[in-house]
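Order as written gives the chain letters A, B, C and D; numbering starts at 1 within each chain.
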Amino acid sequence: MTNHTLLIHCPDRKGLIYAITQVVFQNGLNIISNGEFVDKENNHFFMRAEVSGDIDREKVLRELHSALPEQVFVELLPHQKKSIVILVTKEHHCLGDLLLREQYNDLNATIRAVIGNYTTLQPLTEKFNIPFHYISHEHKTREEHDAQIRETINQYKPDYLVLAKYMRVLSPDFVKRFSGRIINIHHSFLPAFIGANPYRQAYERGVKIIGATAHFVNSDLDEGPIIAQNVIQVNHTQNAQDMAQSGRDVEKIVLAQALKLVLADKVFVSNNKTIIFS
Amino acid sequence: MTNHTLLIHCPDRKGLIYAITQVVFQNGLNIISNGEFVDKENNHFFMRAEVSGDIDREKVLRELHSALPEQVFVELLPHQKKSIVILVTKEHHCLGDLLLREQYNDLNATIRAVIGNYTTLQPLTEKFNIPFHYISHEHKTREEHDAQIRETINQYKPDYLVLAKYMRVLSPDFVKRFSGRIINIHHSFLPAFIGANPYRQAYERGVKIIGATAHFVNSDLDEGPIIAQNVIQVNHTQNAQDMAQSGRDVEKIVLAQALKLVLADKVFVSNNKTIIFS
Amino acid sequence: MTNHTLLIHCPDRKGLIYAITQVVFQNGLNIISNGEFVDKENNHFFMRAEVSGDIDREKVLRELHSALPEQVFVELLPHQKKSIVILVTKEHHCLGDLLLREQYNDLNATIRAVIGNYTTLQPLTEKFNIPFHYISHEHKTREEHDAQIRETINQYKPDYLVLAKYMRVLSPDFVKRFSGRIINIHHSFLPAFIGANPYRQAYERGVKIIGATAHFVNSDLDEGPIIAQNVIQVNHTQNAQDMAQSGRDVEKIVLAQALKLVLADKVFVSNNKTIIFS
Amino acid sequence: MTNHTLLIHCPDRKGLIYAITQVVFQNGLNIISNGEFVDKENNHFFMRAEVSGDIDREKVLRELHSALPEQVFVELLPHQKKSIVILVTKEHHCLGDLLLREQYNDLNATIRAVIGNYTTLQPLTEKFNIPFHYISHEHKTREEHDAQIRETINQYKPDYLVLAKYMRVLSPDFVKRFSGRIINIHHSFLPAFIGANPYRQAYERGVKIIGATAHFVNSDLDEGPIIAQNVIQVNHTQNAQDMAQSGRDVEKIVLAQALKLVLADKVFVSNNKTIIFS
């Protein structure tokens, strides 16, 4: 008897919750927590429930499909630890934070491997007995490099890829193959300061607050669905480097918050936005 | 055809959402938004739904009662503007903010009257064409004063009383008669700095953050269920008076946030805590 | 004997504070508070001091000029309440907040007049016995409209102009004439969502935080020096209108914070950024 | 030629900055940054300056002493990395965060050693090649235990002691010997929830915000001067354990912020409060 998370979305119509909970009840399952949301602009219904009980997964899915509109999306996921592979370049703060969380069971995921386009973070990764793969991008096209990374990732079959300050743009083909499964931490409060050197941009603009954004990656760089954002106050005494240092603390916390939500199957994506059940 | 808010809480058991949504569905109602919460420590179920449709209120309530555990609490409230009476002493910032919001339909309530134990805020209140009642506490026992206030309140039959910096303690009898219907803004981040002169206390203690707390009033002063809290950063250059000035902005925003939730029937109280559906 | 604020900036060199405080000391003045900042990128020195004592303003200024580099900027301002004129369109929240603050001496300025391109806010303004000037923009070029506004402003000789949700772009000539003296509240967390309908933009982008920015106006719309910014968390359950409502509270608080700093002569502008002494 | 930080405090009187900057200037030093603060309630002057130049430390101190009031405190500290010893019990999050920061030069201090009253954090510490001393408190009086810890600390002569979730009360004698040099992270928003199990207390009270406080330790537990505080929003869906998890992120960030300030000699303590120059 394991707990499961039930994820459903479909066009809205009268009686959906009743129809769904009927199937749940008649299969002897108990609803531990439940959330619904209707996107009124698009007339679309979302539901997430945690259910417990002795479950016949196939039967429940079959009955839900027959009780709900044809275009329904239904998923029934057992509660089990997800696995991730992390991509990095040279900055340590997000990777270090994730390694510590995993080590002390604060992450709700297993880190299968870390892949870096430099060797900078190999010693840190190996301190925590996680395999590190150095895959240089030098003398390779983006497609060649991405293909090599993909091959390494495929050895591990992770649920999610985490870009923990991976400073290269991924090819559209790569993104497509891991669609909805790549999470990035962007070093700015999107949509401000898109692109390179955001702390320099923030400093030049004289902002009083900087932030960080964790988002799913889609083919438009910096334009994927936002999962979590946070900010920190800055002032005129801080130069671009000081702002970057302040920013690192926001980045690592925001990335961890976003992963916590995603790894608990609490995040739907719809129309390039996230719907998050807490 | 009006919209209604359905509020239910009862001991938790399997099938509650199914039983409830069955009644809702069979009465031809549509669920616009829905939230549930189970307090696992106390094994208690809470649900709030907004429903639309041509409703036979008595029939729906009767059917819900027969479908649910005996100790159930059920309420089915039409969507309509609530009314409030505001109690004040001398400070203007919360009252002024509420008067402006009401005037511009940002409050979701009608202010029926303002009662003050000083005349200080009479001119401000009357600018907005709201009746002001001056009920001095001088030469009266607390009970006499409270009885006079109660009499004035009763002319207006408000849904809620709002203590917008009313600086006197209400008698237990008064609190009991308006049980669950009095909202106070406390000038500190409860439970810190309970009691008088919290900004002086905060200054003396050298805190780096001050806050404000909106809560329901119960017989224990400063101990009622918390509805909303917020904070602001302070520093050593601010004296107690400067902190109080910073605090005023937090107070008025927190009080307005709390009222917004309460007036939309989004707040349950249970075990001296609030459960808030957003 | 009045207090004065001394504002100085000039190219940095050794001994500046010593040279300045020598003049201050030899004129028998007491320094109540003092702050310096050196912009290292531009090698520029900034200082703000509050001094008390029986002052010979002309003499002090003369001596400071002779003790400091030729390109120095020196200002010695008596502590006195500033005056402002407010420009509005139809939204009430910032204007209402400022009117209340002025009425209760929380603003540190006198509101001389309010100018609106609609009559919407005339009744609110007049409740507080402040003159309201209705200057419609209809059937006028921008230049004609701005000229008429300028004429009205000039009757009042205000220290600062405050754009409290004035929804029109000012002509470059107008901005130039009040250079460094116009403060705007921008309904977004600049530099994100520049331009029209920022809450709709924020909603479309699915952000998790929205903000507001108070800034000086220069000829580049939305690009002037930022004085204050703040943010509030939002989520997927809020539509563009809900976000705008949340945003209004941030806007009014941020505008008031910025005015508090500017009206106390705490803000320098340099290289399109602000340097703020607290 | 090294940079130095000049720290001065004394009873306030006219001409102090002039007198101090005269000595600085006549010794050929350049002031890179400077801050003053006058505590008006106690008529006390504080100043912190960073100076650069070829310095004769003894001469400068002598001249400052003769130019300033007799009861002056003067310190002239070379810019050099401080050293710390960390005390821990079983929780990893603050220690892990500090180890990572030190490893990547984000801490501005050398961690000389970690001392634990359990062995739980020995493997983590040793991953980073820092000596770990296990000093059990079992079968010892508090005084015996503290004496043993002190002996170990004395081998390392650290500038500061950091209590990174060290869950034992230190004896008054121990505190006295390291007076002004012990920094603690308290798992609550002081002065709320003093004492044991603050997250359980926060949960029971139903607060909507939790926080953390970094402070100097004095003989009154939880009552020392506050250096930094921060908060995070919580809600009714979180139990005491969830709140503790949220709290851990706040704790590690607040502790790091406080250390950053202390290790840069930016914090004065006066009347059980901190004065912080930024």
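To be clear about the criterion, a residue touches a chain if its C-beta (ideal position, glycine included) is under 8 Å from a C-beta of that chain, and two chains touch if they have at least 3 such contacts.
Composition by chain, UniProt nomenclature: A, B, C, D = Formyltetrahydrofolate deformylase.
What you see is a predicted model; the values in this text were computed from it and never measured.
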B-D or A-D - the one linked by more C-beta pairs in contact: B-D
Chain A on chain B, rotation in degrees - Cα superposition, rounded to nearest 5: 180
Separation of chain A from chain D, taking each centre as the mean of its C-alpha atoms, in whole Å: 36
For chain B paired with chain D, centre-to-centre distance based on mean C-alpha positions, whole Å: 41
Residue list for chain C, restricted to those that touch at least two other chains: 37, 235, 237
List of chain A residues in touch with chain B within their complex: 14-18, 21-22, 24-25, 28-38, 233
For the chain C and chain A complex, residues of the former touching the latter: 37, 40-41, 189-193, 205-209, 211, 225-231, 235-237, 239, 272-276
Sites on chain D touched by chain A in the complex: 92-93, 96-97, 100, 103-104, 106, 124, 127-128, 235, 237, 245, 248-249, 253, 256, 278
